[in-house]
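Here come two complexes built around subunit A, the first alongside subunit B, the second alongside subunit C.
On to the complex of A and B.
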């Protein structure tokens, strides 16, 4: 909370370059690929015969491939990369063992690839958000440990003793994932529990992954990028603390749907926790508004824009989550498109947008300020922002309409399924815009990395081939 | 101009963000307490207090037990017997106890069912029956398997109590102890009775 003298960040940026290139570059590739599978999955609603002869591209494999690549391919590496950057920058210390972190990142991407191949080959586990086969899960776990270990070493070596809120969120996220992921892997894949317990473990895991982990990692970035770019202090330390503890306290209970066939206390407790998740969401909303109030910094499709939009989506998604926890609503919305729309809003609208903002803020520090074209960054924003809304909101509204028809016994099931088509058409449009936006993101990030290495190579070549007038003079 | 161009060059010293010390507003604390209260109330009303047997739509253990078959008075025994009868016996003897023409004899009004003592009656489902049997002046000849051998004492007693008190029948309730006693008398016997042999047993 006290003013800290500015330091030269050059050695810190140098230490972050290789691991962050590996994490962000891979994340951008997986994100673009995930959009491809998302497009195939959503187009199946309109042209079921498309790729009908190819088992790997059937809906039952393309859709899990989409969610696998989105969460494990993009969200986790992007969140890790931003988290490591924050630990180094806020601790005023160089990243520990950048080479080993880069190896861990490569291992992570290998795990994602193994998972993708497994899913396309039909080896998916069938648990939503945990579709990756066992081998992939083990590789991902080891890779995460390898990366997270050096994150903690960086943290302990910090020269700035007092902590900034973003650091709490990063550290909690680094501890949270090994806990939930090892539990899910052990109880669902290595020593599978029986019957309904499997479903409750899977729901607990996906609730923790999407409602807690993504929020922890995303908020670490939100609470850093907003004050950094607006030049105002974060409003405030205590609001961040309040959001931090309420998020972890309530978020971990939220996974079980209201009409799960489990003993009544589980869905009931989960419903109460979903409503209580309003508190951290409103706290974040208040904090963002107070921090950005009266700030003249232009938004202009830059990192600030992405981050603000992300925070708004977090609040909206949390309101939807709380509404759908009320029993009168959940009897309509449970097991319809509503939940998927809400999750999409949280993953794309909040997390991915916040990560885009953070990555667009960080990458110029790594490659030099002129290598990411601001216009393409802006175009990217104007593709993914409307794309997210067009993807998520029709699913939310269409889910309500679908649920109202489902509870009406006089409407045949086929008619219910057909009535969702209009919402799905709009969300296909949104998915298409997102896919284009994600391609632009890939192009921007890979372009920046390639142009950086080209210039490094060029400089090395010039230096090696130059005459040496200095020595001649001496 | 755009935001990117305004950012400081990475080689220049850069200050990292700080946080202000404004406290958490009262409305958030009040909101948290209010939602906690609502959540606790909701859990108390619907959660069944961590009871593993309570599933929706039931709200508590007492609520679940209200819908379980009771094992108290004779009505409960007969009710239990009705369930078992309709699962296992009604296929041949019909749910209305009138039997199947030329195959299974009726139980409604049958002198075998309505006998004062149940010593003979218990042996029929326990071991089965073969050979011609006269019921209500008509001779029936289809072997019956030992349908009741797998029942517990109380369940067999419940089925017999039901057939002795359904469809206009009126006779005493059979107790589990009576079944137990007969089963002990039968020892290791596993051959079905014939009606003539059955008549040699005490009523």
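On to the complex of A and C.
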């Protein structure tokens, strides 16, 4: 079995610097902006008439702007950045063509921007988790290919022959996204299929994106960061392998909601797959517990803390997904806020947290120690951790209460709608804390990058000016 | 090297399986669907939405109504009842048939006060022999099929939504969240365009306690000269900003809200939302139209 390379080879970090700055910096900006839209959307439940005269800030646009920026703006670039770093580090090889990867990252961010403008201008496709208009989708696809291509090249040039589990996850993720994304773009936007087949494709896509891609990319980081920070080997490669296979095998079928008006075998199959997703999730849980057992490293709001919390959220979200897949429960929770709560738990609680942990672990390697203030990193944790829970749990619980009322036709609809307001308002509090936390993250990351370039510039300046007197003397 | 090939192979197999299942298979099963005939009326269904309503679908998509509204009615099975409509001339024979089905029905007063529900049966197949037997005794009966479930009870539709309902929609907007009510049949419930305009402009003015956001930007405000008649479909307002209403003591109309083209097409789309044709795959027998709930407001 391979051990994680113990030293941090300088040339590898040098090769990663520019592309990772571009990916992480942009991701941090989009994340903060996404929270802004999230806040606008949730505030509509406090004051429905707020910004009523602005079409771009109406609920039906602010909400997809939130999810678009969160998933395409933050999750994908962050996951890609961490994945590239893992490929370079674990393969003990410099990143291939960092400049081109950086160009790809810029292109990606451009695509996100085009998508955002499109959504705000009303050009959204109308498919949840795939709102971005065609132009944006094409840009994102090309950018992903550009980045992925050099990721694969880096992988094939590796000097460390045997594979570590994180590498499987990254490779699968690099393969997964272009496939699902091109299918969705082609069949929903370029040559749209007819009727309800569209919904099927869109649900297949979003299930694969949220339940598989994010999990693959997140776990790649979890399985690397945990052993690294606890100083214990991963427990064990077999568990990781098992989680890997079952995640792909079951996760890819999870997209179709129980109420879909599609042929009955489809939602039924999806329901079964959602229950079976417990297997990889519990495997991951076991692996994390076994790896961290007896570890004395204080976690105190550092990357370890983020990563462990992320894994716990993955398990919790998967348990919720499995429960809500049982027909007796889905009858109640379908169409309610429950699903949204489960998704936010997965995206913020698991994925974003894991990425924060990984980024806070990686960035000091790129900018040198002491440029990310540990105190602000901890403060960030104490905003986003409770923020996530306050956002997701009220939606989950409120969703159940809402569902119980929805299936009781004697409760008038407006009474149902009003009864959810309490939960929604608590979740606004969570969204606010998250927004603040994401701002702190932005400042931490951008601050580190800026201070790095300042010092490089200063060094260059001193070097340049130091020559002057010498020349004068000569 | 071997293990990386395995990783790719595994990912490839897993993903292509679900691609085949959820992308290819529905395309093969539903992709070539065409108009069908409704039963028993034999009308074509669905028909493409008229031009204005088709534009309205774009407005619906563009404003993201789908994040709050589903268009997908569910049902928990059906209730099949056999209704005796005519006892025939030979009451004794009819009673004999009935007695074989259920001894308690073999009483003379079963044949009075028609039409009368005789019994519930599992489905149409179970009903057929009974209808035949009654027919041979000279009596007439029919099967009344009605869907069950909370969505139906809320008046959101008379049957579940089926793939056929979405045939001409692009993008389809089945939705996954019901912050607001299901709209699959809102055109049946609220066919009044003026109601729809006012509701979009200020939901709470029509549905007390509504949590739906208002859409004032879909209307252009225009001052009215004294005595000038309001434009068609415009919402007249009084100087105090309340809806002008001749039948109530609201004061004279002072200005009006003229629906923009977007609002007009959106409302045309909303009133075109009627997914209640009786189809073979989702039959129901229309009883005299059930009274739709007038609003979503809590009962006083």
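One rule holds in what follows: the second predicted complex is superposed on the first by the 459 of 474 C-alpha atoms of A that agree within 3 Å, B and C clash if a C-alpha of one lies under 4 Å from a C-alpha of the other, contacts with A are read in each partner's own complex, and residues count from 1 in each chain.
As a working rule, a contact is a pair of C-beta atoms (placed from the backbone, for glycine too) under 8 Å apart; a residue touches a chain by one contact, two chains touch by 3 or more.
Not measured: the values here are computed from a predicted model.
Colleague: Return first, second, both or neither, reflecting whether A:242 touches subunit B, subunit C, both chains, or no partner chain.
Modeller: A:242 contacts subunit B only, not subunit C.
Colleague: Under the stated touch criterion, which partner chain does A:279 make contact with: subunit B (first), subunit C (second), both, or neither?
Modeller: Only subunit B; A:279 stays clear of subunit C.
Colleague: Looking at A:328 after the superposition, I want to know if it touches subunit B, subunit C, both of them or none. Which is it: first, second, both, neither?
Modeller: A:328 contacts neither subunit B nor subunit C.
Colleague: If you stack the two complexes on chain A, which partner ends up touching A:261: first (subunit B), second (subunit C), both, or neither?
Modeller: Both partners, subunit B and subunit C.
Colleague: Who does A:269 touch here: subunit B (first), subunit C (second), both, or neither?
Modeller: Both subunit B and subunit C are touched by A:269.
Colleague: With both complexes overlaid on chain A, does A:228 touch subunit B (first), subunit C (second), both or neither?
Modeller: A:228 contacts subunit B only, not subunit C.
Colleague: Between subunit B and subunit C, whom does A:465 touch in the aligned arrangement: first, second, both, or neither?
Modeller: A:465 sits against neither subunit B nor subunit C.
Colleague: Which partner does A:171 reach: the first (subunit B), the second (subunit C), both, or neither?
Modeller: Once the two structures are laid over each other on A, A:171 reaches subunit C alone.
Colleague: Report for A:369: first if it touches subunit B alone, second if subunit C alone, otherwise both or neither.
Modeller: first
Colleague: Can you list the residues of subunit A that touch subunit B in one structure and subunit C in the other?
Modeller: In subunit A, residues 259, 261-263, 269 are touched by subunit B and also by subunit C.
Colleague: Touching residues of subunit B toward subunit A in the complex: what are they?
Modeller: Within the complex, subunit B contacts subunit A at residues 1-7, 9-25, 28, 31-32, 35-36, 38-40, 42-43, 46-56, 58-59.
Colleague: Contact residues on subunit A for subunit C in the complex?
Modeller: 44-45, 48-49, 52-55, 58-61, 63-64, 122-128, 155, 161-163, 167-168, 171-172, 175-176, 179-180, 183, 187-188, 192-201, 203-204, 208, 244-245, 248-249, 252-253, 255-257, 259-263, 266, 269, 334-337, 339-340, 406-409, 412-415, 417-418, 420-421
Colleague: Quick check: in the complex, which residue numbers of subunit C touch subunit A?
Modeller: Subunit C reaches subunit A through residues 1, 3-4, 7-8, 10-12, 14-15, 17-19, 21-23, 26-27, 29-31, 33, 61-68, 70, 72, 74, 150, 153-154, 160-163, 165-181, 203-204, 207-217, 296-299.
Colleague: Please output the residues of subunit A touching subunit B within their complex, sorted ascending.
Modeller: Contacts found on subunit A: 1-10, 13, 89-90, 92, 164-165, 224, 227-229, 233-240, 242, 246, 259, 261-265, 267-269, 271-273, 275-276, 278-279, 282-283, 286, 290, 297-304, 327, 360-361, 364-365, 368-369, 372, 374-375, 377-378.
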